[in-house]
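Report on one structure; see the data block that follows.
Chains here go by letter, A, B, C and D, matching the order in which they are written, and residues are numbered from 1 within each.
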């Protein structure tokens, strides 16, 4: 039986400002990456999103990023390493305790935005940040961008992890994503996206644009839900995977 | 044997800005109320202060307040109750996890600033906030302003608590503090402050300006450390208590 | 000829978060109250909104509030008066200079949210805040809630002002708004709202629920645009006013 | 007659947190670079610092930086260029209006921290940011790090400018500062610093560690005042310059 997890970012509203349709998305995914108040989210949003995820049987993940609300954690910042580690601790800690207070539990960690991009290029950074998160919650399953420096970091740490691929982004032969500036860099057709995912999950490999197979552990597929269209695509990808014989379930997070 | 705890607020630096001499203060007190990033403190400051407190054998407390850095949590704010509860959850959660990540533990809770003042006047508010904190960390010892609505709230909740009096502030006959605008409302002489404390701790009562005794549980004495002078007074009060035959130790926090 | 201005709040997006359809709203109103980075808005949002307002020939106003993004300026805060005055100066200054940098000009001032509510009840507060704003830009036209302490404040200051009424809210006999908790406290029907406005503008008076006339200067009508439905209502009210023979134009702001 | 200006950063307190002794420093310098609420400063601090500078006859400058209070504008950030330009506009606008409201005037602009460093390496960035500032206040004198990309930017813009050198930092032969990690990279002796300054100002050139002369316009000397020791050094440098026959006065800012 081929099984995979579906994950999406959520809990990214802030104060009076809404982002995404988390309620709809929670009916699609099996794991939710919930913002921790660093790049998005506030105490109300975290509590409500975690409660909703828990009620839907969706796994809860901490989703920390640069502490830059105005920039939504999308700008690279040269924050000193020790400070960055403490900021990860702070955000993960807030998530873990907030989850407990609503009767739920944080199962996994996924880095957000520019910080995730930097960690996918720099194994030392990734390891430092994961270690900081694990110092707060040693049983966290670390979600990594498959076949990047993030994956090398979890392997060298020996912690539980889950490998992630993107539903809507084609890959280069070195396992990086095709640059957004190129034509076809984002797949907008749900059936195409679903078919690719079925193929990759069954192959146990990233299949690049050129057709090359890069064997890797595929535990979870990243979906987007920040727009109404995105939720529709996510729903269609889910159906496509099920129709293709793939079982959807929370990842286990083996070492 | 008469025993009492000494507590002080610390960890109130932020980014490049320093406040107080926490290292000195940690040699005086037995419990530290450490800011959680709401009214003061950041991830670096929290981690460093908790580490230092732990190394000095000082008990660590979460010290949440209004999430208003610019106002240092000193301005009363009409934040909706549910939001306020979530903000307390968030701050306590961040503290609890940060402490764990440095090998320490959060033992107690103390409200900060305007929020503490409001809770000392409003039992329902105090109970709501304490309940929110306890939903994150059920074993917290709640530090309350003795003989106020805060004390009534912990009694009605049935949680562990510690009663606090002020070393440097005289009391009115209704257990409120003499207003700062009145002469003598702040005691600047350490030996006077220490003598008062010895008397009150031994009497098991707040002794008001008029000499009235208000029996209450005195588990801890609040010292200030935001200035060099304040640390000197705190040190002198500590010595005065010891000379008066009072043993200094972390409170136990009985129900 | 009966003339009135239509105003709405806008520029209330922040970072990645959108609020309202400002482009649509700018085709309806004649004056725009643009957030200054205190309760909402950021440098990009301010620049873009001001540019758009200017291109549409819409008058630009500074719309300062409590500096509380997370609470959107909706929570009353006990900020010291001097600090509040400086915060108003800061926000108005930012608006005035930003407008200049895009080739436009700030014509008016309108207080936002909880701060506006407080100023409508407290003439001294209103005057202090208006005075602070005028110390930055002496020619500002101050928009006031007609027949409240705000109006008394501008009269005592002797500055230029414009009186405002609400399109969608019925009035009590003391010129306050009917409490939101009561049935009918918000008028959702655009033709009803428009008919009321035509009547009041022509009468030169607030007409209360009971039919009482409170004579006052009506220079501008407040519309809302935070939802798609709100923009539709605003559009319909505009049309209703024009059909009722009322000319729409920016207020002049006489003393 | 040889004349030079002395400048220092100030107004970098925030909320309850104090930084530097601005009152003392204002008796030393002739120009003050005052934070704008981006990396430091708030409305109260800006108003008070500007008022004090004005009373002391010290020239007021806007000192904008990355909008990152927690990092004090010291971390490089990959903020999109357009956003950065608007953030400069916002901060300069706030300064200009705040100065007017206290009866003073903003004469010059100086970039802060990491943003200043980046602009000293990248002429295009420097020009974009200066242009943004000048769009708010066209008469600003732009203070530049002498003989860097900042100087090239003002020359290409054709605006008024003032060239700055550091009192306490030796120079490499390419006009960059000797790296802080090297021995002697910060000059702690005031008489040494003063003697160097007298020599350079009279020579009209940066004199490097190796003795090389790099001719440049020296209009102002940067002093530091963030510690008590720093203020003492600044005072001594001022005296050394006067004793060396150099007149101290605000720069004129020729094109």
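Criterion: a contact is a pair of C-beta atoms (placed from the backbone, for glycine too) under 8 Å apart; a residue touches a chain by one contact, two chains touch by 3 or more.
Treat the numbers as computed from the prediction; the structure is a model and nothing was measured.
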| item | value |
| --- | --- |
| Chain pair, A-B or B-D, that carries the greater number of C-beta contacts | A-B |
| Distance between the centres, which are taken as Cα means, of subunit D and subunit B, whole angstrom | 42 |
| CA centroid of subunit A to CA centroid of subunit B, Å | 40 |
| Sites on subunit A at which at least two other chains make contact | 42, 70-71 |
| Arrangement of touching chains [line / ring / star / complete / other] | complete |
| Interface residues, subunit D side, partner subunit C - complex | 37, 42-44, 46-47, 82-83, 86-87, 89-90, 92-98, 100-102, 132, 135-137 |
| Parts of subunit B lying in touch with subunit C, wherever the complex brings them together | 67-68, 70-71, 75-80, 114 |
| Touching residues (chain side subunit D, partner subunit B) in the complex | 13-19, 40, 42, 69-72, 74 |
